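Per-chain numbering from 1; labels A, B, C and D assigned in written order.
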Amino acid sequence: MSGLKGFTVPRTPEGRSSLVPYPPWHYVGTFLVVDYWADPEKAVSFLPEGLDPHPDPGRCALVVADWQSCSEGGGELVDPSRSQYKEFFIVVNALLDGEEVTTCAYIWVDRDFALTRGWVQGFPKKLGSIWVTRSFGLGGPADPGMEPGARFGATCAAYERRMAQTTVTLQRPSQGGPFHNAPPIVNVRHFPRLAAGRHDDPAVHELVRARSRDRAISEIWEGSATLDFFGAPHEEHDALAPVKVGKGYRFTFAYTVDDLETVKDLR
Amino acid sequence: MSGLKGFTVPRTPEGRSSLVPYPPWHYVGTFLVVDYWADPEKAVSFLPEGLDPHPDPGRCALVVADWQSCSEGGGELVDPSRSQYKEFFIVVNALLDGEEVTTCAYIWVDRDFALTRGWVQGFPKKLGSIWVTRSFGLGGPADPGMEPGARFGATCAAYERRMAQTTVTLQRPSQGGPFHNAPPIVNVRHFPRLAAGRHDDPAVHELVRARSRDRAISEIWEGSATLDFFGAPHEEHDALAPVKVGKGYRFTFAYTVDDLETVKDLR
Amino acid sequence: MSGLKGFTVPRTPEGRSSLVPYPPWHYVGTFLVVDYWADPEKAVSFLPEGLDPHPDPGRCALVVADWQSCSEGGGELVDPSRSQYKEFFIVVNALLDGEEVTTCAYIWVDRDFALTRGWVQGFPKKLGSIWVTRSFGLGGPADPGMEPGARFGATCAAYERRMAQTTVTLQRPSQGGPFHNAPPIVNVRHFPRLAAGRHDDPAVHELVRARSRDRAISEIWEGSATLDFFGAPHEEHDALAPVKVGKGYRFTFAYTVDDLETVKDLR
Amino acid sequence: MSGLKGFTVPRTPEGRSSLVPYPPWHYVGTFLVVDYWADPEKAVSFLPEGLDPHPDPGRCALVVADWQSCSEGGGELVDPSRSQYKEFFIVVNALLDGEEVTTCAYIWVDRDFALTRGWVQGFPKKLGSIWVTRSFGLGGPADPGMEPGARFGATCAAYERRMAQTTVTLQRPSQGGPFHNAPPIVNVRHFPRLAAGRHDDPAVHELVRARSRDRAISEIWEGSATLDFFGAPHEEHDALAPVKVGKGYRFTFAYTVDDLETVKDLR
């Protein structure tokens, strides 16, 4: 390494410019999760090499997260365009050497630092525009609250089209929380080569398993849910559209990430 | 009126298209407020006709609001790009016929429906990009919480420049809450004419006083604050830059608006 | 008027802050226009009071403009976020006292100054995100050029949904240019009241006829076109969807606006 | 590789979803370029390992490009949010084994596909908001034209702050064109590891030299220029601020990219 510093580009003399600061990364956010099932054959077709179909092969979850994050010291928190972002993603259930896992098939995020931080972790992020209903703890007609009947919605758009939308109507505190995104997440880190003749010979192509620490979670509420995906010429997420929708959930979650396990080099 | 319907344009056969739906409008949001003082002479120079200088003439407040709002029925809440927005504004204290009031000298907002809804109420809104630190009630390094030492920041940018930034560090629950933006707000509704020779003869130019109902407020926390304004060739808000900064506050607030009082026609 | 200055809000001591500077406003832009016909009954239902149906009552045009504009002196041109914007709009043909006119039923624009400048002229603008293919005059696979077979597309999105899309494939220089948006444009300036009981009694509600000067136009090319509208719960533009699509056109146009004729007070 | 397809993530069954389509990539765009000199010591401090200081060590250029691009077949051109983007970047002059080259020290771009496509080529892209004056070939007060005295400006903002701005005033057709960004460009492809203990042991860290073909260029105009950089806590580009500004240039350029040469593995 030269005198330039930084976890990611741009790498610079002082190292203050990196699009993603060095780990650890601390996160807190509110979540909407919908347990659902896609067409089993299609769900399986999204599994990367190294993962096997789940015994319940169409099992998927939609996750919408409204995040605030920071690196060590937390300086981004008071310059919040550098700490807040939203993401909207789909996980498919699978097996890794017989163990239940999930893998992220599709994910949109609304900020560049989060897009890049996701790539480093194997999340196949694209930019999108994501909105999600909030609860304010005060009540009144504009505040759904956290109570039976409270309704939450989320939408995701990208490249000038709505990609998907979901609603969750709370019914009760949940005993078990969301089920379809509970297993550990295993993704593929991928970085291509541009050299002529090597466009299908990526420089990085490896199965990785997320590691995190200092996890905290609020009470979870559950209820009924709706979920709609909309197709586009340049997207295939609608192949993962629900054939059956399970429960929806809302909660707040926090954790810290500064590690990742490489399961297998796929090159 | 023709068969076209709608509170604002576009007015259409079914009336579903109005940029701003008919009142009532229900709001809930989190607030950062900073009591401060601008140069007295400059603050007074921002008062519209019909208002007199306050005995403490430099008294101003910076208000940052992170809103969720809806019209009757609340349909926008589950399509949240139509209900959420942030705004960043400056009020100057004044007298109206001897009564203490405030007036909004400058305000940026990040959504079109809120911009237009503001114009209708006399808020001189421009579009901007506004960010404000959030509390999630869960704790951890990315969640400032509501406790002594918790730090919140907000930034406002417009036309590719940062216009202003503020921080508030909580110290204790507040007895009285923010002081400088407590009086009722009186603004100028203004809609110009384009006919040649009448560019300074507006079609609407009237002093109006805000009316609201069903107000609710959370516990208020207070603490120390910082506040910086940055100039631009096409802005003058930096004339209202602080010469002294008072306390900062954070709280959650809700109300409903469906009325407005015209105080005086200024044409 | 007080000591505050400015054509629109915010009105300030120096008058440098107005969201829209004083006229004149100088414009130059590239245009895609599609002559088309909507369902006649539906098209007529969008006509404001004061206009009569056109003898060919479904006659409409879709117009996409990629603008650069400035006020006198042109200072915005070198701070181009203050001078550039795109808009996407639908005009319906009508008669005013027996004379052929058009009226703008729907329009999206991507900048606040242009939204407000439109309101002042009677254009019922909302914010949207608009994209349109450009020609660069250099050639190569990424440059459609201005020649037979050159393809141009435009899309419009608002509130996280695609509202409409169009394509134009050039065939030849046009003799007459677009036909459906050729008549003068007559709009409704509208500014509502918020006072209780007066929500349907606007402060401004008048039929206005555009005036402009110093018009210039490039050679016009014409060809075939496609046009699709997509519905949304909060929009009705799809009632103006094409039942027949005519020719498409591309050209560059410039003019200056500093006047407006009030045809009739509609209150 | 599994059955999933795509040059970049997300890799999917049909391969239609890749954030960046497979090469070749065809580009056309208008350029503003400013030849300038930074503080020599600081400029040299931005050189990556593998490059030596240029004999004129402070030699830099600012480049603003307003691009339209597509992959083979050009489908993106009529869905232009997938083909258009703007970028704003700084190159520093250097030597590679004694040969004159440039290297990109800083670059902002306004679309996700372009950000990722840049990373693959070794450009250290971040997202920003970029605006640049256009010429329309029609004349009038809003069209600078391509003629003596025509003024062009560009601005770049990121994370709610203006990062830099430039103006170019045309004087005459240029004989030689821009000088400081003429040498071939050599960048560092970099993709980090997140595994604990390996945060400074990137998976990809290699010096690469750009390759392109089918280059075309318009007539070049040159003139005087201004250039200002603005600092931020999380940026260091202002260390490359000009100590002397040379000529500015405007022209249109096109090329195709589908290859890259790895000069040296830097790990």
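FYI, a residue touches a chain if its C-beta (ideal position, glycine included) is under 8 Å from a C-beta of that chain, and two chains touch if they have at least 3 such contacts.
As the structure is a computational prediction, the values presented were derived from the model and not from experiment.
The set of chains touching chain A and also touching chain B is given as C, D.
In a homomeric contact, the two copies may use the same or different surfaces; for chain B and chain D, over half of the interface residue numbers are shared, pointing to the same surface. Compared on C-beta pairs in contact, C-D and A-D come out with A-D as the pair having more. Chain centres here are Cα means. That of chain A falls 30 Å from that of chain D.
Centre-to-centre spacing of chain B and chain D amounts to 39 Å, using the average Cα coordinate of each chain. As a whole-number value, the distance joining the C-alpha centres of chain C and chain D reads 34 Å. In chain D, the residues touching two or more other chains are 79, 81, 129, 131, 155, 160. Residue ranges of chain B in contact with chain D, taken from their complex: 129, 131, 155-157, 160-162.
Across the interface of their complex, chain D is touched by residues 1-4, 7-14, 16-17, 19, 22-23, 42, 45-50, 75, 79, 81-82, 105-107, 111-112, 115, 119-121, 124-127, 159-160, 188-196, 199-200, 203-205, 211, 233-237, 239, 257-262, 266 of chain A. By the touch rule above, chain B contacts chain A in their complex via residues 26-30, 68-70, 74, 77-81, 83-84, 129, 131-134, 136-144, 151-155, 165, 167, 214, 216-218, 252-256.
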